[in-house]
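Shared between the two complexes below is chain A, which has chain B as its partner in the first and chain C in the second.
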Partner chain A sequence: MITKFQVAYKNLLRKRVRSLLTLVGIALSAWVLVSLLGFNHGYEASLNRDIDNMGFELMLMAKGCPYEAATLMLKGGTGLRYINESFMGDVAKEPEVEKTFPMLMSAVFDPNKGESGGISGYFGVEPKSFAELKPSLKFRQGGWFTDVNAYEAVMGYEAAELEQREVGDKILMPEKNVEFKVVGILNRTGTQDDGTIFVPLKTLQKMFGRPNELTTIGIKLKKGIDSVRFEEKLYKLPDVQVVSLTQVKDTIMGLISTAKVMVLSIAIIAILIAMVGVINTILMSVHERFQEIGILKTIGAMPWDIFKLIWIETLILCAIGGVLGVGLALLLSKATEVLIRYVMPYAPSGGLVLIDLKLVLFTMAVILCIGLVSGLYPAWKAGRIRPLEAIRSNIG
Partner chain B sequence: MGQEACILSRWALILTILLLLTGYSVAWSAVGCDLNDPDRDVARLFPESTGYKTIYTSVVQKGGDPLLTKIETRLGEKFHGIYETIDVPYTVYEIFANKKKVGYIHGVNQKGQFGGIQVFVSLDLEGRIKAFYIQKMTSKYAGKLRDANFGKQFLGLTFKDFDLYDVTSGKATGKVADIKNPAPEAEADFRAALRATKKNLILMDEFVYSSQAGSSNTGAPQK
Partner chain C sequence: MNENGISIEAKSLTKVYHRGSEQIPAVNDVSLRINRGDFISIIGPSGSGKTTLVNLLGCLDNPTSGELSLAGRPIFSGAKRLSERDLTKIRRETFGYIFQNFYLIPTLTVMENVMLPLTFYRKSGLEDEGMKLLKLLGMDHRKDHLPGQVSGGEMQRVAIARAMVNRPEILLADEPTGNLDTKRSAEIVQVLQELNRTARLTIIMVTHNQELARHAARIFEMRDGRISEIPNHKQVAK
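And now, the complex of A and B:
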């Protein structure tokens, strides 16, 4: 026996082009919705991971704009000012502090990078403390520096790939014309470390004429310590500022939220347009089948049966459109990421659009709800058709 | 309907998974060599151009291991290092002047003494070098090797000229032998630039000119 689903499906096939165009409308709105929600989820997850990968909760740096400095640091750029290494000893004495990590970032201009030159960044670290800070870093080749004063370099995977370096090769620091021996190449991490060239802190300090100076001190707190209270304590130190990574995250997320509201508005408009499209398609279909529905009623179909039949048509359209939209979002997630990275002033490393099963199910539920709501009026109208009036009419 | 829908959904699922896997493998594959600013660089390297099309390819896509062996034989040595691999993506810029194809721009990465070297050549439809450009080079003498006068020595040369250049010994006969090293102190980088050019021309011959000629036996571009 033929089911209501089969009847509804066949009805949709009668006007294939119209049904297809409606499907495209629903698919596009589902695509926008999934991509937006996936971005919402993915961006925050990647930002959290980037911050967690830094291995510390607070950063101490010279006075300046903390957010600019923090963003530059997240991007692997340079800090703006320098602080004395002695601060590290002072901070380390605090009972709340588990560990401190000295860092010096320096950049040189490389005139032979591209048409008009470019900046090459170097990151001075103490291998022992840095390895403790980032235990997840694994070496593809070699290992850490042999000496704190050595002219040796450890390269992130992408930096090594771009420079075609292997352990034992040399790199040249432009501007300073100083050679470094590559002693280690890291595995790919999916973070900013991939594009970084690490050199011994002391060597970098010496080369840039900044003995005992740092751009940043990373502070890892003991478990259970309230970072906000400790932050207040650090504010008493002169000429330095404290940047909490939670604060950095909140600020970046605050900036992103404006963009998200705009995209969400577009998604809502797209969904409304799709809804109108669905209502229009089903209403047209009801109108064209005016007589047919009348005949169905004369042979015993109840208003509720007609209502269900029309409602099912809407549901089928929305279900197929939703699946297509989700598929489209999955297929184009990489392209969406490229676009986001192009337009966003700062994007964390790793996936920016995270589409998981929960999100897929949520989107499908939203699209089906929209289908149910959109189908109400056409289905109600179809259910109210009077049989005799319909048969007598010339419509359909 | 039920069975059809089942088959369709199964195919859709398989296709989706395959495409996703391809997407991920592209994201994690070896590094390619692209122009930093294609709009600006294409206009500079091919002044008569009015547009360009970007094509991505690789040895693994174009012929796999047999093609790699062929390229290595023509180059005169094996691909070496952990970054010169069969899956390196190459970007070929097809150049158009008023919708008519007039040539190509193609670049390769090459290991230099102190860092990666990116060597681009623009070629006419017969495979002759129209412009030579080192996009990136790390060397104390990079300025001399990136100088326009050094690049001018490559103009008009084809892969046939570079066939007479031995990448292992650095010895050349014919027109390539006339290319003067402007920085004798940076002999390693000079040789790296020549090797990159030879590799670049061989790859272009295999990817473009041979396939256009319908034969890949000689690799000779057809006039």
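And now, the complex of A and C:
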């Protein structure tokens, strides 16, 4: 016995180049679709993780553009203005606050960075409070600074790899011409900490002539505290700006959504083009087999049998194209990430394109639905062919 | 089959085609009775209405008027027209068809082509029918070949096996040797004769070839849409 599936499959092999081109069209649209949905999923997850890994919910900084400051901070850059350390004591007294974390970010020009030099960021922290803030940080080598005023540095995994430093090596801060001894190298975290060089807060304040000044105070709230209400309370403080990390996330996601809409539009256009391609291929195939389909009806095929046969052909094309597209997306997800990082103004650390089983199944379901819809008209048309007309015709 | 053994009975069967305002009676008031196990030939010049008549007898088309019954079962009567779906049901239960152009599916092997009708409709107990028929027709050694790899005569044998695989009651052959040389044509008609004799199969064969028509037990001639039976074969020769 030969099944309808075998008949349909063998028919697709009849015009191999045409079938292959249609497959490529479907595969490309599936690739775009799965990559886009993977990006939606991955970008948000990575941004959430980055923000969660910061260990605090609110940031207090000098008045200015809070979002620019927050973005710079997320990217490991420097803040725009400075606030006095005394704010930290005031905030810490509030009953809603569990802990506060002082941070000073500074940047120097490094002529040896890249082809024409670049900015190197240094992050001044108190080792005790910072370790409490980020308990997940583990050392690959060494540990935190031996003294709050020491000229010592802890390097993130990627920073150490880039500078090719190990514990005990020296690292020169360009511009200031000061050497730091590397006392610790962190394990990879998948966050912006990987590219950061941490130095004692006091040392950094002294070097940059900013005693008792900070760029940011991180505030961790007690469990169950409404961060929005506390935020309003902080607004009463003079000359400071409060940035909620949820707000930052929402703003970034809002900016990204414009890009998403554009890419989604491209994906929809790609899908529509693939659909037209499928309809065209199957219609041509039906037209070429006009006589053959008539004969099938003569030998016992009902209109519904012919409808199913043509529909199966469409589904085979879409299923194979969908699998190829998803495979392509999985294979090229790293390359897609590189491209996204190149074009996006801000991209969180970690995977940007997250393709999981749920997404793969969803994409396959979408592609198969497209196949079902695309096959409707050609299948209906084929089902209506009258055997007598087909036998009399010269087509096929 | 009914008790009196009548396979097909047509009464005043008429098919009129319209070309603009002109009416062309392709089949004009044809009445005939074909018994079970008959092997009949229909001859006549081009445009005489042979194929149209076979299409009506084979339920490939609705007549304009007249009656047709198969094994005593009325199919067409009066102005009642059957849908394509109803015609298909009748066709697949009753008929096997052979055409001049074979119409084999080029992507399927010989065996797959033979078995193809069973994909859509299968009478019980016919699982091995394809192989039996290919053996009977001397095509079993070619079962895995594609139609493009066998000769014209062999393709028509495959088409015959395909027409026979569902054990039809009536085999309709429209110019089955039209694309074959004299030797292959004679072979195909011999195969049909053998099937008629061994399986008591009713065969209706349309042909231009009067020599081949003489292999049938009864011969009908069509002229201008009208039919007449030629009483004996000698008259065909004339």
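Throughout what follows, the second predicted complex is superposed on the first by the 392 of 396 C-alpha atoms of A that agree within 3 Å, B and C clash if a C-alpha of one lies under 4 Å from a C-alpha of the other, contacts with A are read in each partner's own complex, and residues count from 1 in each chain.
Basically, a contact is a pair of C-beta atoms (placed from the backbone, for glycine too) under 8 Å apart; a residue touches a chain by one contact, two chains touch by 3 or more.
Note that the structure is predicted; figures quoted are calculated from it, not measured.
On the superposed chain A, the two partners chain B and chain C both fit, without a clash. Of the two partner chains, chain B is the only one touched by A:Leu330; chain C is not.
By the touch criterion defined above, A:Gly142 lies against neither chain B nor chain C after alignment on the C-alpha atoms of chain A. Contacts of A:Asn112 after superposition on the shared chain: chain B is touched, whereas chain C is not.
Contact with neither chain B nor chain C is seen for A:Gly121 once the two complexes are overlaid on the shared chain. Contact with chain B, but none with chain C, is seen for A:Glu158 once the two complexes are overlaid on the shared chain.
In the superposed pair of complexes, A:Pro303 makes contact with chain C only, with no contact to chain B.
Contact with chain C, but none with chain B, is seen for A:Ile391 once the two complexes are overlaid on the shared chain. Of all C-alpha pairs linking chain B and chain C after the chain A fit, the shortest spans 13 Å.
Common to the chain B and chain C interfaces on chain A are residues 6. On chain A, the positions that touch chain B within their shared complex are 6, 9, 110-115, 141, 158, 161-166, 169-172, 174, 177, 179, 188, 323, 327, 330-331, 333-334. Touching chain A in their complex are the following residues of chain B: 1, 12, 16, 19-20, 23, 26-28, 30-31, 36-37, 40-41, 44, 81-84, 109-117, 134-140, 142-143, 146. Interface residues of chain A, counted against chain C in their complex, comprise 1-4, 6-7, 10-11, 13-14, 291-292, 295-303, 305, 386-388, 391.
Residues 55, 60-61, 84-85, 88-89, 91-92, 97, 99, 101, 103, 105-108, 112, 115-121, 127, 162-163, 166 of chain C are the ones that touch chain A when the two sit in their complex.
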